[in-house]
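So, here's a batch of structures to check.
What follows is chain A paired twice: with chain B in the first complex and chain C in the second.
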Partner chain A sequence: MRLPSALRGGVFVALLVSMPMLGLQHWFLNLLVFVLMYATMSSAWNLVGGFAGYPSLGHAAFFGIGAYTLALFFKDQVLATGYEPFLLLPVVGLVGALIGWPIALISMRTRADVFAIVTITFLFVVQTLAFNLHDLTGGSQGAALPIPPFAAGQYELPFYYVMVALLLFTMGLTFATMRSKVGLSLVSIRADEDKARGVGVRVIGVKVLAFSVSVGITAMVGAVWAYYESFIYPQFAVDPLITIAMVLMTFLGGRGTLWGPVLGAVILESGQQVLTYQLGAVQLYLIVYALLFLVIILLLPRGILPTIEDRLRQRRRSRRTEAPAAVWPEDPAIPSKADTVTTRGGGAA
Partner chain B sequence: MTDLLSVHDVTKVFGGVRAVDGASLSVEEGTITALIGPNGSGKTTLFNIITGYLKADAGRVEFAGRDVTGSDPGRLYREGLSRTFQQARVFPQLTVQENLVVAGGYGWRKLFSSRVGNEDRERAASLLEEFRLDRVADLFASELSYGQRKLLEFAAVLMSAPRLVLLDEPTAGVNPVLIETMERHVRERNAAGITFLIVEHDMTFVMRLCDPVIVLDAGRPIFTGEPSVVQNNALVLDAYLGS
Partner chain C sequence: MHALIQGVILGILTGGVYALMASGQTLIFGIMKVVNLAQGAMVIMAAYLSYQLFTTFGMDPFLAIPITTLLMFGLGVGVELLFLRPLRREDKSELSLLVTFAIALLIEGVLSVTWGTTYRSINTTYANSSWTLWGYQITVVRFWAFVLSLVALGLLFWLLNRTRFGRAVRATVQNPESARLLGVEAQWVSALGFGLGAATAAAAGSIYGLLYPFTPGSHYDLISRLLSIVVLGGLGSVGGAVIAAVIVSTSSAIVAATISPAWSEMTFFVILILVLLIRPQGLFGSVNRGAI
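== the complex of A and B ==
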């Protein structure tokens, strides 16, 4: 089991690193930068929404916080090499995580739909602040960042590699989470938080930690995006659609899995960009989003990867001659509520 | 023998219903104490208050000589007071082995250690074997039968080496063979030093296993004594059958 997953990881890294060497056109590299951004953000969202089962709709607020943090830091500055903003990313991540900590402590006292409402409220508060704190954000006139002094022919490359690094960092963190007791605790919280409390799981600490790390990464992506765009406006920096995209991508690929959010981001983000380029209808992707969400709920409630994993497991089991569950034939198979919960995801794909 | 758990004048009101009404009781260390009573007499509410899932409107709970009124369930669990639920509650998305490991009551530093380390595996292995769950250790808990889940839930709360275990209807919904198994496990664990407080409707189970028996009616204890005496007590018969 270890070899294939290591091999899969190795091929993935090699593919990401070597992709720009294939002489890709600018529009394609630009597309890849955005795919990587969304893959990173979906993977980050997955830590809270996937593993802990807390459907945050406020993550875009932290995307904006990251963008404006970088904008404030480099206000009216001229860059020498162009790499300075990238070096500041850990600080941006820390700022996002520190702001996320109290937000998580308050909002995570609620659950499920109420939690979603509390977090989306936070998103709109941050958006309103971004519009109105003119001295800090420039308000609706926007905020300028330093122009990256990269050669026009290779403009996308630094952003591409920084996003590759951020994605690998996030996936590494997800992998470590799945392999540690943090991941075990998060899944128990998603399954039955009250029961988890009762068996000594550090419920509050673990979910607040997951939220802070998740929004810290989101803030870093926001900072890279702001630098890439060079000029940011509140309606784009704190955009509910960014949150919706993270949620959709994670649900499509498979929440609570390592590769699911990445797969979802590749499909949805590239699909959206292709639709925009091909059809010239910028808003058409919103209709496709809505349709996809319906299709996912109807056909793949657990997402692509967990569904495939389930099918494979069922096939393996049907090949076995003796089922282990038959150890106790005398047990009454009284159906319980827990039976219905198995469709909520949690594989290690 | 000293009291491991004592409840003093605990009251809990839901709207106009006094679910627990000034209840006081104690559980002596080393005993298998039963808490019985007709439906709606406040047994589960009292369980929820003792284990920190509900806040009492009035009264005090002491565990191992310490006031633990309103303590968090997780903290109580780590201090040695654990419970099971009326409907077996396990984590369906975790394997049977992981269900045990997650209940290890580990501290912050261990959180960042391996999901199921060697030490955890060893700790879980003996319980899995004891509860005959070793052959299904790698299955998801969602794949177990209800009876197996009941056993798994019981086994899981033993992972933290508790001093007092509260069992909420351990035999509800399980077959006679498993009832005997459950009884054997309670006896063995009790002999190993664990105190039990059991809510149960199966009177034959209670009469065979428990001593003393506390009878609750309308939110307060009306009788405490040996099982043989309880059966013939007029107050108890009134509570169950009506006068």
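== the complex of A and C ==
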């Protein structure tokens, strides 16, 4: 049943790379670019919010920081090839990570409550700064980026492939994390931070590292977004809705998993585009988003993928009839119900 | 010097309202260990309610306080029962943050759909009158807002220190396990406590609506201030929140008067960072248990 992960990854990459060659229409390619952006950001959020259990509410601030970093760098410039902003992405990521580092260092000394407080306050501060620092950001009049000199017929393609690269980078990083000491440390922090510290996990270092990498990636996505839009306003560049989207997608798909955030992004972002056309008003989808979020947390707190995996495991076990009971949860990130499942026999699937 | 003293006066008067909002927030944290990110949204919602009562019935916002307070108390209890109680215990602190954030957005969305996103303000007949005392301006609204906030805070303290319910709350804050062992119904204390927090938000919201123009999005501004205040006072400490509110609003008024209004909005963030660096448990917070 389980495909080897290498094969799964290969199929995924081939699918992503070949998708634009099917002669897709512009609106669909545009949708894909946004899905990829959110998939990347959710995967990034997952690194700290999913694995370590520190729910950051301020990631949107770093999205905006990335957007404005790129805007500042290319202020009043004309591009020769149009690929220069993409080459600057690593620098943007570094800027995001460097700003995130002290914030993580200060706010992660205590527990998740204070961390959330600092990150949400930081979000508001960055938004206010984006409005007030007219010289840097243009204030509420917005800031212009250089117009990408790509042919109209293939305008989306460069953005699409850059986002594919960023997503694969982030997923690769997640994959590597899950199989390394860092990943194990993060999961142990989420399970019980005191005990983790007690057995010698370098909790502060690992948390701060995860946060910095996570916000660095978010800043890069912000930069790509800014270049794609080519004109940015503070209320869209630093938007709490971006934070909530990242969190929501991760939770829907399954936090602490490799594929969960991507699945969540595919479902929700395409859903949101449909909703926007259907409902129009921004406020309405604020309500829809919030309600959806509440429903997911209450009814499906572990997300789609872990729930499905549980069901499958349950079914396999019931088929094997009386298998030995000593079964460990496969994914240490999920406090599994596996031990109770054996006795119940699993008729639910 | 004149500007400075004027700033201090303004800061103390405004501090009363923030103290009211923050005391509810810190109370909720003390009882349930939940950081209520919807507190700001509840304040703004109450402001809209009294705006509506004022425009349709001509009811003075100060008189509307009992009505908004009762309504929001009910809402608070409902939110606790519906959304916070079902959370599983092991990741409650993490999920409750997200749940209250979602509730804040839900309230923002409902307010925007109902009243639109333009600024509203409650223009009473006394909105622009003020007294002059030795050359310092004191606006009538701010004065009464301060007095009423003190009255509401007094009521809250009476409730916490002199009633049976208050004793149950204080016991839960200090040690939930022991309180349960001694027969305190923790579930009901949580629900009523969350309602009480929402009620203080409502009282403060009616007053806030008189002092400032507001939009549904104003709650971001409020929540960051409130959180800084609550962290400075010590999470869970009501007395600490009151003192911290006065400190934060006075220093931000001083910055506005002496440096620039634009930077005064940053004051609370600077204070928040300083607190976390120097004394992470806040002025009156204890490291493990709550304090009232």
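Definition applied: the second predicted complex is superposed on the first by the 303 of 349 C-alpha atoms of A that agree within 3 Å, B and C clash if a C-alpha of one lies under 4 Å from a C-alpha of the other, contacts with A are read in each partner's own complex, and residues count from 1 in each chain.
Basically, contacts are C-beta pairs under 8 Å (C-beta built on N, C-alpha and C of every residue); 3 or more make two chains touch, one makes a residue touch a chain.
The structure displayed is predicted, hence computed values, not measured ones.
Participant: Just chain B (first), just chain C (second), both, or neither: which does A:11 touch?
Facilitator: A:11 contacts neither chain B nor chain C.
Participant: Taking the superposition as given, does A:293 touch the first partner, chain B, the second, chain C, both, or neither?
Facilitator: The second partner, chain C, only.
Participant: Would you sort A:127 into first (chain B), second (chain C), both or neither based on which partner it touches?
Facilitator: The second partner, chain C, only.
Participant: Looking at the overlay, what does A:55 touch: chain B (first), chain C (second), both, or neither?
Facilitator: A:55 sits against chain C, while chain B stays out of touch.
Participant: When the two structures are overlaid on chain A, which partner does A:188 contact: first (chain B), second (chain C), both, or neither?
Facilitator: Touch partner of A:188: chain B, not chain C.
Participant: Given the touch rule stated above, what does A:180 touch, chain B (first), chain C (second), both, or neither?
Facilitator: It touches chain B, and chain C stays clear.
Participant: After lining up the shared chain so the two structures overlap, which partner does A:199 touch, if you call chain B first and chain C second: first, second, both or neither?
Facilitator: In the superposed model, A:199 contacts chain B only, not chain C.
Participant: Per the definitions at the top, what is the overlap between the chain A residues touching chain B and those touching chain C?
Facilitator: Comparing the two interfaces on chain A, one with chain B and one with chain C, the shared residues are 335.
Participant: Would you pull the chain A residues touching chain B in the complex into a rising list?
Facilitator: Touching chain B: residues 178-185, 187-188, 190-192, 194-203, 205-206, 256, 324-325, 327-328, 330-339, 341-342, 344-346 of chain A.
Participant: For the complex, which residues does chain B have touching chain A?
Facilitator: 51, 53, 72-74, 77-78, 82-83, 85, 87-94, 98, 101-106, 108, 110-116, 132, 135-136, 139-149, 156-157, 159-160, 173-175, 177-178
Participant: Would you mind writing out the residues of chain A in touch with chain C in their complex?
Facilitator: Within the complex, chain A contacts chain C at residues 53, 55, 57, 106-107, 109-114, 116-118, 120-125, 127-128, 132, 240-241, 244, 247, 251, 281, 283-284, 286-287, 289-291, 293-294, 297-298, 301, 335.
Participant: Quick check on the complex: what are the chain C residues that touch chain A?
Facilitator: Touch list, chain C to chain A: 29, 33, 35, 37, 83, 86-88, 90-91, 93-95, 97-99, 101-103, 105-106, 108-110, 112-113, 117, 216, 220-221, 223-224, 227-228, 230-231, 235, 262, 265-266, 268-269, 272-273, 276-277, 280.
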